[in-house]
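Two complexes, one shared chain (chain A), two partners (chain B, chain C).
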Partner chain A sequence: MEDNTIRYDKLLNGSELIEFENRLQDYSITAKGQKYEEYNEDSEDIQKQIESSTDDLCQLLELKRISMSNKRSVGIYEEDSNRIRVNSILGKFSWLGYMENKNMYLKPHEALLLIEMNRLVVFYNEVIISLEQAYVLFFGKNSTLTMEEYYVFSNLSRIGYGVMIHDSEYDRKKFLAINNRKKVKKEDEMIWCVLLQKLNLPYKHEFVANERELYLKTKVNLRKHFVAISGHSYNDDDEDDDKELYQDEPPSKKLKSETNEVDSNNFIDILKTELQYISYEKFFQKFCYIKRKQFDKSLESSSFKFNFDVFRPKTHFKRTEQLASYRIIVITYKDEFPTHSQLEILKRQQAYDVPIVIATVSENMKFHYSLCVL
Partner chain B sequence: MESEKVKLVLINKKVMTFNVDDYIKLRKHYRIVGNLIGIVPAFPKNIHLSHLPAIYSEYEVRLMIEENIAIIEEKCDLSKKPTEQMRKDYEKHTEKIANDMFKPILDKKLKNVKLNMENIIKGKRKKLMKAGVPEEEINITEEDILKEEEKKLRQTINPNISLSEIPLEYPFHTTDVRIISEYHVTNEAKYKIFKDLWHKNMFITSAENFGGDFLTYTGDPNLFHASQIVHIVDPQKKFNHHFLSSCSRLALSVKKKCVFAYIDEENNEVVYQTIEWKNLKLRELYSSINDQTYQNQFESDDDDTEKEVEIGESSASAM
Partner chain C sequence: MANVRKPMSKKRKYQSFEEKPFPIDCNLIGYFTGLDVEIFDENSIKTLANCGCFGEDSRPRQMISAIEKSGIEKMTKAMYEQKLKWREKFGSSQAETKIISVDGKEKEDPFIIENTRALFPEEAMFLHKELNCLEIRNAIDGKSLSTLELWKEFCELNESFPSHYAAYVYLKSKNWVIKLGSKFGGIFLLYKQGPAFYHATYIVKLVVNERIDMLEFKTHERVAENTKKQMLYLEINFPDDLDPLSIENLHKFTVREAAFQRKILTTY
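And now, the complex of A and B:
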């Protein structure tokens, strides 16, 4: 037996490297023709197509990760801490990696993505890590992600999103730091709160409760602006708040607004006859609606957790200054889909509200995303 | 024979392959498709193209073991630190590659010099004339320039910078390999149906996207549309009309047949029931989605067609 640990059939020699590098450079995607409905053994055309399609697939799969050694970043696998120290960085890593003691480190899943993209080569005891070994090492005992989670991470990263593992504490601190930096005026922030409330969107309840006076003042001011801009009288559905508002307003204003209530769109004015009422009743019966379940406060924890925070693509991405655009929950097809109340719990756990996306991954890594708007 | 079997690797409970020939062999000769999940090196950001590794479902793996198509190996060496011997061998290999690559890199650079030879001679001649050398005494030959350039290049080319490869497969001999001879699946009935379909010369993939269990193809999924959506049902449970209606409607709209499969408890055999739409008009309408009138006609026919769904037991050969 040959006294060598290397299997030369699994590595390219010098001339093969040049040949495969040329193949990689010259490779272009071949257009797929129309798919057939039925298999016909006698059809020559189909047989030819099958052969050429297999050849195309072979050509694609035979592409190898070849590059000049000075055009890839180089990393060293540190088994004790299960991370990769990057010795030379080429290109921008954007949201990938973190600094510690002036060294750049990558988490295993980040390194695997870069290896797969032919941007990084990792050495373990000065021996190159093949893709197969990377899968074993990085999805082994101390893996940070499951394979399903990695594929969601890889897919979103390649589309262009910034993807980071969700860390609620870090998220909260970042949110507070950004808000402090912005130094938004109380008055300005209250305008947003009133507008968001009007649209039934989430707003800062605590802030509004603490600044009740400012809230009422802002609401009155906004009404004035509304009347000035539109020329119509203001029509508010929020009765409770209205009562509070009127209590604070001078009596003259109160009277004025009460007399202004005649509106042609009001049901009371239209539904005067029994016939009219019946036609309206019939119309409303046609609607199907699902009643929104009340949030059960007794449920405090959910078995689901956020896996990733996703950031919209940006040319100058700074992880300390950008807030997440979506949060991802990764589940498999065998798991049960989260219920409304479970999602509600997760929604309330967030430092700031963003849409939740559920990525459902099948056993052989096919997946789809569902966007949940609560 | 043992040597003809395909070798697949078990990584973290998933069965995968990193070998091109094995993948093609399984796909072409055994109709086992798996799913390619890797990134294509030429187009790393293209999410519509995929590359090795390929991953196989639990039903595919069980079938490959039972039919003696493949061996599943767990390579324990891969999680261990490379030995000193491996380090030395790899170092030797990289040195050899660097030496092998030196000649082609030098040749490539000299080829560029040859291509620009005329301009180089002109330039040198001009330079010498400017320096005051009379024109008759200037004697520059191509050979001299090539020799001079080669000498320069030999000093400047860094042998450590050459083409390098990140191998797909583990490029060392393995000593600690565990062979997996038994593989359990979560749903035995589903496996039995999968196996039966495979023996009917079909390509099978999962049908999560269509709300079913399997999609079956008469030819390679790269070239052929799936022809059936197979739903596995429990004969013990009552059949739900809503389920029947939604399955058959969905299958019609994607031009496939809706098949219900179950295990007959009396003779332990797989039974298939195919649902077909009798209303030809509607079937045509569904298949010509581009037709402008589609929407209107569909709505007017809607109420009648629900009654025309025909359920009939089909024999295995009819599938």
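And now, the complex of A and C:
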């Protein structure tokens, strides 16, 4: 631990360095041992085995480890704002930390991860914080994360993902900024929407509902192109659509019908595009009287929240340019499982659709991730 | 939509696919035995099997495929001898003759056992009520049962029959072929086209006025993962002030769905 560090005034010579390294490598704890059919803690054999393995572990922990003190970044803990100011940065932190007034700051959980990985030394009132002290300090009074959440965070970051605490407002702004940068023309986007709608694939319903006039215009244009290319007249089954094109319904009614479509478009409807369904649609319509429950914002509330946004690893990671790959909800085994409506509320809160992953943490800090499709 | 599991087709298909999703314009007769509804007529069995794959055959699936391949039913010598004994004991009143092959030799079947097709209650109710193509009679006295009588009978068998039936109709209206899911620990299994053509895509569990139990959820998820399926949880809602057992309130049921799948995040 940090308290026991002995600082050598002289540099170690080559043979000493090798000796230190070799000693570390000689010790390795293995899970080997005799298997017993009946387990008695009192029997001598088992007592001996336990003693010898605990001795091994103690010896391994007692060994001196060598590292250069200037290979770690140095930070100072600011108690008032509960963050760590990094004074000297070594290596790349990629998605960790944030800049403020030309200073780099780390959140407590990020600092703890770096301390665990031996990349950071944190001073608090000019004293180095040990790992144990860091746990107490950072998860004390004003902690942002619970222990379970931290374990999920550390697990995912060690795998290689970029993990950030979910901030819906920041997320929305980022999404809009990225969309603006792409500068897709409205007209171009509408063509895609019409084509996707034709193929019964998911498309931006809100966009189509807002730009009703443009939608009708592009639809008529596309039909003209279809006739010009194929040479056939346009024989479409959905004549209702044609009526819709030329009728002047009040826009509020049209909007309502659009929103209903959003609700009915679902992952379970994939077989509706099959030829079998289309040719016997009348028969199917007879018994489709059991509907999907409509989402009512006013009736439902959710106590769950997104904990993290997870980003797929990339060589040149830029926080402002990459969109999240998953959103994580952390729950423990003692918690209640979120209901369908709670999950749906969470899904509708998002600025853009991202797969939801529920991480359950057990008492022995094992994780289980399950993907949720709504 | 990228995370939705797609139906996996089977390599060997021992049945030709007919496009009819359910029997249309036919009058089938089934007998309610107290547990399920059974069909005895051979032509009716064929139409049910080909159009929408309703019901379960009394013979094993391998046996049916073997008959379709070779055109003749094979029988072991022990089975043949057993059937001869049965003939002595119970006598034979059969008018038809059936030729089978016993160890490669063609012989006459001494004791014909008729194959039947069993429909589970939701399936039978669907064919009877929504499609009007199945007349159901009582197996004991042969009297035909009305829709209301049937509904009562099925509700006595299983108290949660209305919610099960609502889920059945909801899924059926989306063109899924539905089978009982006790094999995989669920209530229903959902197939595209039928078990002969595709592997099941979803294992369905119903959530009625309760939360999903965490431990149960994990076990189901594991089973689904190992069998390359997805768990589909259907939340069934019904207004509190109405009687759910009444057939008139059936359309008041609403359904909401969510599918779960174990995700291994170590591989990206």
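Throughout what follows, the second predicted complex is superposed on the first by the 207 of 374 C-alpha atoms of A that agree within 3 Å, B and C clash if a C-alpha of one lies under 4 Å from a C-alpha of the other, contacts with A are read in each partner's own complex, and residues count from 1 in each chain.
The working rule: a residue touches a chain if its C-beta (ideal position, glycine included) is under 8 Å from a C-beta of that chain, and two chains touch if they have at least 3 such contacts.
What you are looking at is a predicted structure, and each value in this text was computed from that prediction instead of being measured.
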Which superposed partner A:H368 touches (first chain B, second chain C, both, neither): both
Contacts of A:N142 with chain B and chain C, given as first, second, both or neither: neither
Touching partner for A:L275 - first (chain B), second (chain C), both, neither: second
Touching partner for A:L24 - first (chain B), second (chain C), both, neither: first
Which superposed partner A:Y333 touches (first chain B, second chain C, both, neither): both
Touch count on chain A, higher of chain B and chain C: B
Touching partner for A:I159 - first (chain B), second (chain C), both, neither: both
Contacts of A:E126 with chain B and chain C, given as first, second, both or neither: first
Touching both chain C and chain B, counted on chain A across the two superposed complexes: 159-160, 333, 360, 368
Residues of chain A that touch chain B when the two form their complex: 4-7, 10-15, 17-18, 20-21, 24, 27, 29, 32, 35-39, 46, 49-50, 53-54, 57-58, 60-70, 72, 79, 115-119, 121, 124-128, 130-133, 135-137, 139-141, 143, 147, 151, 154-155, 158-160, 333-334, 360, 362-366, 368
Chain C partner contacts - residues on chain A that touch it in the complex: 156, 159-161, 201-202, 266-272, 274-277, 279-280, 283-284, 286-294, 310, 312-313, 325-326, 333, 335-337, 339-341, 343-344, 355, 357-358, 360, 368-374
Residue numbers on chain C that touch chain A, as the complex places them: 1-4, 6, 19-22, 24, 126, 130-131, 166, 169-176, 192-193, 207, 211-215, 217-218, 221, 230, 232-233, 235, 237, 250-251, 253-266, 268
Residue ranges of chain B in contact with chain A within the complex: 9, 11-12, 14, 16, 18, 20, 23-24, 27-28, 34-47, 49, 51-53, 55-58, 75, 78-79, 81-83, 85-87, 89-91, 93, 96-97, 99-101, 104, 160-173, 186, 206, 208-209, 218-220, 222-225, 227, 255
